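What follows is chain A paired twice: with chain B in the first complex and chain C in the second.
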Partner chain A sequence: MNDTINFINIEGLKFFGKVNASISHELKNILAIISETSGLLNDLTDLAKQGKDLKLSMFENCSASIAEDIQRGFTTIKQMNRFAHSVDIPIKEINLFETLELTINLSGFLSFASKVQINNSDQETKSILTCPFLLQNLIYQILIFTYESVGPDGDIHIRIDSKNNDGAHLIFSSPAQLTLKGFPTQKIQKTVDVLGVELNINESPHELDIWIPYVSNKIIVLAKELQNDSYTGNDKQD
Partner chain B sequence: MEHGNVLIVDDEKKFADMLAKRTELRGYHSEVCYDGRTALQWIKKHVDSVTLILLDLQLPDMYGTEVLTRIKEINPAIPVIILTGHGTERDQQKCERLGAYKFMHKPLDIDKLMTILEHIRETPEC
Partner chain C sequence: MANYNKIHLLMVDDEVKFLETITKRLKLKFFEITSATNGVDAIEAARKGRFDVAVIDLQMPGIDGAQVLEILKKNHKYLEVLILSGHATVESAVDCTKLGAFKILEKPCKFDKLVDAIKEAYERRLKKKFEHDQLRIKKIEALALGQSPLGILKELAQMDEAEK
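Let's turn to the complex of A and B:
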C-alpha cells in the first residue's frame, strides 16, 4: 500500500469516527429532548388528574415538540446514511453544492460550530471527478478551522464560483474576518495535495479559496492507484 | 414557596427549557444559560442564592470542565451536577477531581434529581 492510500485510509478512518461520534451525540440529544418533553407531558397529565385547570395548548405544545424532534432525528439519520455511502465508490463524479451542503450539516453537529450560510444558488455546477469522501474530509477540516477562527457566535459565508470552464472555486469568508494563523495545517495541505486541488488566501477581500478542477491529473492517478491496490481489489470482488 | 434556585447550563436549548419547566413544576425556580460565559456571569451575580447547578460538558464556547473550575473559584460550596450525553469514565474522574457533586447521564431521571436536591437542601454544607 503506498503512502497516499495509507494517508487516505488512516485519515479517512479518523474522519469517519469523528463524524460518527458527533452524530451519536446529536441523536442522544434528540432522544434526551424527547424524553424530557414526554416527562413534562406526564407531569401535566398528573396535574390534570389532580384537578388542576391546565390549558390544552400546553399539551399541544409538548406533542408538537416531540413531532419536531422526531423529524430532526430522521433528518440526522438521512445525513448519516448519505455520509456512510460516500465511501462506496472511491472516485466518482459529484455535485459540489450537494457535497458542501452535506458537509456543512455534518459539521453543524459539533458543539462549537458557527452559523454557515451558502451565499449563492449556483447549485448546478458541472460535475467534479474526485474522491468524495476525501473532499468531504477537506471541507470539514476547513470548516472546523473557520469555526475556531470566528467562534460559535460568528458567521461563515461560503460561495461556489463555477464561471471558469476548468473547475470551481469554493470560497470561505466571514464578516468578522477569518484569522488564518497556522493555516493550512499539515493534514489539510496533504489532503489538498492528494485531491489535486489548490488553496489560496485572498487578501482583499479576506477569503479562503479552494480551487477544485473538474478533473485533475492527480485524481486520475489516484483512481489508478486505488484500482491497483490489492485491498480495494479484493473488496470489489466480494 | 420556592424550594431553591437551579441553574441549568446546556447548549441544547429545548432540553434545558424542558428540564427547567419540570423543575419549576416541582417547586424550584429555574434559570437557563446556553453557554459557559453567560452562566459564569449569572453565577457571579447570584452566588449566594443558587441551590444547584446542572452543567453540560460540551458547550459552544468553553469546556464544561473549565466552567466547573471557574464555578469552584467563585464559590467552592456550590453543588454542581455534570449532565452529559456521552461522558466517559475519565471525564467523570476529572469532574470529581474538580469538585463535581455528581455525574449524571442524559436522559435525566427527574426523580433522582429531586432526591439529590432534597438532600442538598437538608444538608447545606454539601
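Let's turn to the complex of A and C:
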C-alpha cells in the first residue's frame, strides 16, 4: 500500500468516525425530543383524566412536534445513508452541488457549526471525476476551519462558479471576514495534493477559493493506484 | 423529607425544542425552572438567581457544558450539577465527575430517572448546606463565649469573606 492510499485510508477512517459520531449525537437529540414530547402528551392526558380543563391545541402541538421530529430523523438517516455510500466507488463522477450540500448538512450536526448559505450556485454544474469521499473530507475540513473562524453566530457563504470549461471554483466567504491564520493545515494541504485541486486565498474580496478541475491527472493516477491495490475495489450497494 | 416543590432548577441545552419540552414537563412536577440555551446565559442566570440544581448539556456552541460546570461549581458553593448529554463518553464522564458533577445522565433519559436524580441532587445540596450551617453555629457559639457583640460581628464578617 503506497503513502497516498495509506493517507486516504487513515484520514478517511477518522473522517468517517467523526461524521458518524455527530450523526449519532443528532439522532440521540431527536429521540430525546420525541421521548419527552410523548411523555408530555401522557402527562397532559393524565391531567385531563383528573378533570383538568386543557386546551385541545396542547395535545395537537405535541402530536405535530412528534411527527416533525420523526421527519427530521428520516432526513438525518437519509443523509447518513448517502454519506455511507460515498465510499462504495473510490473514483467516480459526481455533481459538485449535491456533494457540497450533503457535506454542509453533515457538518451542521457539529455543535459549533455556523450558518451556511449556498449563493448563486449553478446546480447543473458539470460532473467532476474525483474521489467523492476525499472531496467530502476536504470540504468538511474547510467548513470546520471557517466555522472556527467566524464562530457559531457567524455566516458562511459558499458559491460554485462553473463558467470555466476546465473546472469549477468553490468559493468560501463570510460577511464577518474569514480569519485564515494557520490555513491550510498540513492535513488540508495533503488532501488538496492528493485530489489534484488548488487552494487560493483571494485578498479583495477576502475569499477562500478551491479550484476543482473536471478531470485532473492526479485523479487518473490515483484511480490506477486504487485499482492495483488489493484492498480497494467496488462494493455492491445496499 | 425534603419539599421537592421548592426546587429551583436551571436547565441548560442548546437544543431549543428539547429544552422547551422538558421544561414544560418538569414544571408539571412543580419545580421552578429557568432555562438557558447557551453557557454564557446559564452563567448569567446563575449569577442573578438562586438555584438548587442545574441540568447541563455537554456539547454546546461557545462555552461547552464542562466549562459551564466548572464555573458554576466555582461560583456557587451549594449548587449541584447534573450532566444530561447525548455525547457523554467515559472520558467526559470522568472529567465532569472530577469537576464536581453530581451525576451524568445519557440522552435520551427516562423522565422519572431525571426527576429522581434532580431530587437526589437537591437532597445533597440541603445536606451540605445543613452541615455548613451546623458548623457555623458551632463557631458562633465558640466566639460568643469570649467576645463582645461587635467582636462577634467582625469575626462573622471575616468568616463570610473567607467563604467567598
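Definition applied: the second predicted complex is superposed on the first by the 231 of 238 C-alpha atoms of A that agree within 3 Å, B and C clash if a C-alpha of one lies under 4 Å from a C-alpha of the other, contacts with A are read in each partner's own complex, and residues count from 1 in each chain.
We take it that contacts are C-beta pairs under 8 Å (C-beta built on N, C-alpha and C of every residue); 3 or more make two chains touch, one makes a residue touch a chain.
On a predicted model such as this, the values are computed, not experimentally measured, just so you know.
Peer 1: Mind checking chain B and chain C on superposed chain A, clash or fit?
Peer 2: Overlaying the two structures gives a clash between chain B and chain C.
Peer 1: For A:E98 in the superposed arrangement: first (chain B), second (chain C), both or neither?
Peer 2: After superposition on chain A, A:E98 lies in contact with neither partner.
Peer 1: Considering only the touch criterion stated at the top, classify A:D166 as touching first (chain B), second (chain C), both, or neither.
Peer 2: Neither partner.
Peer 1: Which chain A residues lie in the overlap of the chain B contact set and the chain C contact set?
Peer 2: Shared contact residues on chain A (touching chain B in one complex, chain C in the other): 21, 24-25, 28-29, 31-33, 35-37, 39-40, 43, 47, 65, 69, 111-113, 151-152.
Peer 1: Give every residue of chain A touching chain B within the complex, in rising order.
Peer 2: 21, 24-25, 28-29, 31-33, 35-37, 39-40, 43, 47, 65, 69, 111-113, 151-152
Peer 1: Show me the residue ranges of chain B that touch chain A in the complex, using the header's touch definition.
Peer 2: Residues 11-12, 14-15, 18-19, 21-22, 25, 35, 58-61, 85-86, 106-108, 110 of chain B touch chain A in their complex.
Peer 1: Spell out the part of chain A that touches chain C in their complex, as residue ranges.
Peer 2: Of all residues in chain A, those touching chain C are 21, 24-25, 28-29, 31-37, 39-40, 43, 47, 65, 69, 111-113, 151-152.
Peer 1: Could you list, by residue number, the parts of chain C that touch chain A in their complex?
Peer 2: 14-15, 17-18, 21-22, 24-25, 28, 59-62, 64, 86-87, 107-109, 111
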